[in-house]
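Shared between the two complexes below is chain A, which has chain B as its partner in the first and chain C in the second.
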Partner chain A sequence: MISNLINRKISTLLKVQYSNMLEYRVEIALWAISGIIPFFMLNIWTTNNLNESINISDVLLSRYFLCAFFVRQFSVVWVVFSFEEDSLMGKVSPYLIQPLNPFFRYFAQHIAEQITRFPFALIIAFFFFIFNPESIWIPNLSTLLLSIVSTFLSFLIQFLIQSIVACLCFWTEKASSIERLLFIPTLFLSGLLAPVVSFPQYVKSWIYMTPFPYLIDFPANLLSGNETNIIGGLSMQILWIILLLPLFKKIWSEGTKKYTAMGS
Partner chain B sequence: MNLRKYLNVYKKFLHTSLASELEYKTNILVDLITAILSLVGSIFLLSIFFQNNGYIGGWKFEQALIIQAIYTILNGITNTWFNPNLTEIVKHIREGTLDFVLLKPIDSQFFISLKKINPSGFLEIIIGFLLLFLCIKINQINLNLSFLTLSLITISCSICILYSLWFFISTTTIWFVKTWNAIEVLRSFLYIGRFPLNSFSFSLRIFFSIFIPIAFITTIPSEVFLGLSVLWKILLEVIVATIFLITSRKFWLFALRFYSSASS
Partner chain C sequence: MVKNIIDVRNLSKSFDISSKEPGLKGTIKHFFRRQTKSLKVIKDISFEIKEGEIVGFLGANGAGKTTILKMLCGLIYPSDGSILVSGYLPFRRKENFLKNITLIMGQKQQLIWDLPPIESFYLNASIYDLDKFEAKKRIKKLSEMLEIDEELFIPVRKLSLGQRMKSELLAALIHEPNILFLDEPTLGLDINAQRNLRKFLQKYNKETNATICLTSHYMKDITSLCKRVICVHEGAISYDGKLDLLLKKLSPVKEILIVCRSEEDAIKLENSGFTVKNKIKNEITLKIENNSITSSLKAILNNFDIEDLFINEPPIDEVIGKVLIKKDYDI
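Now for the complex of A and B:
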């Protein structure tokens, strides 16, 4: 009975958000295009033969960056910006009365957006293969499934981190600037612009303790068939989720106590 | 059109927007840290590229730093003036408040391009200049009058091109209403400006010189600093900048004919 109700809630939320997202096809297509930075980076790597020094062949490197593009496409999170707007506009008040944590709403929004984005990402990948036909490969089913799982876990980590930052909206009006600050280490350390293997030793020695390499580098390595520690990576991802979830719950309950609607 | 009136109006703009932005003092601090971190991250990325190679696209590490410095200055200018104002256009058009701007006895492009200012961008400009001075020292560049004029000319041309690109995309809001993501696409393409143009493959170099003249924005001024630039390139940049400015102006006037306020 209860699980039935939850199922109905989830499917309704997803349906509503998916039809909402389909309204913004062009926006989502543009957004998919704005994620092509990994391809420019790949171009620098291969044009200057930089990959020779890190012992990755051209083909594997181009697969890596393609996978990094894919992982990034399906782990983009913008919950801070939605929540900040909603809380400044006073839309959070009605959400708080409903018997559903508003973050489920944002979560469904993200999932729906990913479904809408999927065809565009495929089209971009198609063009990538036209320009780099030698890098075509078909990952085997188990790798594919594992990398989908790890991409989803990466999305969850980022969603939790951003939700925690979003809850800071209860204390300060502009939480999005904190998110922009956090985005910088994510950009440079996650492996979106350069694979973590290529990092200098003094960074590699501590980076695997942080959540960053598990956001893009690990799932991308997994999918592209580069060498990686599958069990270690997955367990670190799960560990970070286990650490972040109670933190989010705590800050959410503290924040809602603190919450006063605009103008009160 | 009289200059003094516009200067006076601009002084008022500065005063009001500074007063409102300084309300968010911690925000400015967070933005400063963001700017510093993103510069550190980019230099880190560059150092990865250079760790086993002396040259990238014919540039040494110390020379490539100049590009970073110029990019940081230009990015600071974007964050100070272009970003806050031109995202405002989207709001004006969606809410129909562009009517009030058009009714004012003042040039509408002037008003919407300079109304707001974001003081945290200043700090980024300062950081950029500090790095630039450091680079001048490292690369032992002789400062003389002709060099200073040339670098001033090329940097102002870069600013004009950058402004026109931003303004161009924001103007399309009149037809498409939501162009937030188009701006994201521009931002991700501009990111290429952090690296010397020669480090990309031939086809991308053509793309970034003709379709989106990012090549002109940072590479040519940096070449001037290194004394590598040839006269025709500088002339070309002046011509491109003029064409961009005039076209963006014409395009704005053209687009205004299609403006039909909100919900009409």
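Now for the complex of A and C:
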């Protein structure tokens, strides 16, 4: 009964947000195109033969960056900016007095956006294979399923981190500036610019203790078929979610006490 | 006996406000050392509201009306004192409490801008655990009451302000709340839309016995909806009671313009003991106390040859305006 109610709420939220996202299909296509950083990085790596130093072939490297592109497409999060704007404009107020945490709305928005983004990402991948036909491969079903799970877990970690930062709006009003600080380690340590395996050993041991390599590097390696510790990676992703969720709940409950409902 | 649905005791609210001196020097000083001070915007107020009552909160800008409503609906946390709304502590925002209330803020919207309102209605219906059949029934009923139909299927961004406000109301009432908090609900609406909204609120209150707490700067909203008003002055309650008693107290006399058949009659009336405001030829304006209007008019009509007469009510805005600048009214 309770799960039915929750399912109905979530499915209605998704349907409505999907309809809303379809109103912005051109913007979403442009956002999808703007996520092609991994392809630029692939070009830098291959033209300078940097992959030789880490013993990864051109083909495996190009698959890695294509998978990094896909993982990024389906794990990108912007909740801090939406929440900050809504908070400053007073739009959060009506959501706060509804029997549903407003972050479910943002969550549904992200999922709906990912669904809208999917065909555009496929088109970009199609063109990638036209220019790199040697990279074409079909992952086996279990790898594909595990990669989808891992990408979703990566999205959850990023969503929770940004939601925690977003809640700082209750204290600072401009929480997005704090998010900028997180953007730098996310960019360098997540595997978006370079596979984490290319980092020196002593740096790697530190990086793997942070959530960053589990955001892109781990799911991308998993999907591209590179050697990776699947159980270890998934466990770390789940562990970070278990650590972040109560932190989010605590900061949310303290933050709403500080809410002044400005702008409304 | 009608039970209290809202019970507020010694409620206070303070905000930390940062201040900055003007100019570059002030900006640099502000950058390195923020000066904040605690501002008490609600000061130790107490009141009760009974189930089914419509209560108007009156006060100047910044008096604290909206802050009170925000605390009553659980949007902001009180600094001191206690609030019980329908037996719940509002700021805990328990699901059953939230299903019982709604807050409507003029010009602030919860509808999804790029989609038709109907999508937002179904979304709200699922948030409040209504099944599709029930949601459809309520949307039909409320849209009939609000007289909206085709607008339900037009994207919100293309609706007029009045149509949008009606849709906002429908979205906010789909779960049939028992308590409505309305903050300037008619703000920006034209006269007809304002009147329709007032008619709707009266009907909703009559049909559902909902309690309505309302703030508005349009006195017509207050006079046509509220029997009771709570006047807020600088965060404290300056008057809590019946609106008509307040009006009588603030405006104890009425002005009556009498047109006599001849100037002679006007002179006789001028010297008959009534308080005269002015006299121009055969027209004379008298000031008569509210409690002696009937007897005075009877005497005038019996003893003088009267062609016509007009009773001038003082403009309600003018009368209420006095409340907004005075600290205490003891009726």
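As a convention for this text, the second predicted complex is superposed on the first by the 262 of 264 C-alpha atoms of A that agree within 3 Å, B and C clash if a C-alpha of one lies under 4 Å from a C-alpha of the other, contacts with A are read in each partner's own complex, and residues count from 1 in each chain.
Here, a contact is a pair of C-beta atoms (placed from the backbone, for glycine too) under 8 Å apart; a residue touches a chain by one contact, two chains touch by 3 or more.
As the structure is a computational prediction, the values presented were derived from the model and not from experiment.
> Is A:Y95 in contact with chain B, with chain C, with both, or with neither (first, second, both, neither)?
A:Y95: touches chain C, not chain B.
> What is the contact status of A:K257 with respect to chain B (first) and chain C (second): first, second, both, or neither?
Only chain C is touched by A:K257; chain B is not.
> Look at A:I242 in the shared chain and tell me whether it touches chain B only, chain C only, both, or neither; answer first, second, both or neither.
After superposition on chain A, A:I242 lies in contact with neither partner.
> Looking at the overlay, what does A:I130 touch: chain B (first), chain C (second), both, or neither?
It touches nothing on chain B or chain C.
> Which chain makes contact with more of the residues of chain A, chain B or else chain C?
B
> For A:E27 in the superposed arrangement: first (chain B), second (chain C), both or neither?
So A:E27 only meets chain B here.
> Answer with first, second, both or neither: which of chain B and chain C does A:S53 touch in the superposed model?
Touch status of A:S53: first partner only.
> Does chain B (first) or chain C (second) touch A:L141, or do both, or does neither?
Neither partner.
> Where on chain A do chain B and chain C both make contact?
24
> For chain A, which residues are in contact with chain C within the complex?
5, 8-9, 12-13, 16, 19-20, 23-24, 90-91, 93-100, 256-261, 264
> What does chain C use to touch chain A in their complex?
15, 70, 73-77, 91, 93, 95, 98-99, 101-103, 105, 108-110, 112, 114-115, 119-120, 122-129, 172
> Under the touch definition given earlier, write down the residues of chain A that touch chain B in their complex.
24, 26-28, 30-31, 33-37, 40, 43-44, 46-48, 50, 52-53, 172-174, 177-178, 180-181, 184-185, 187-188, 193-194, 198-200, 203
> Using the touch rule from the top, collect the residues of chain B that touch chain A in their complex.
24, 26-27, 30-31, 33-34, 37-38, 41-42, 44-45, 47-49, 51-53, 56-57, 176, 178, 180-182, 184-185, 187-188, 191-192, 195, 199-201, 204
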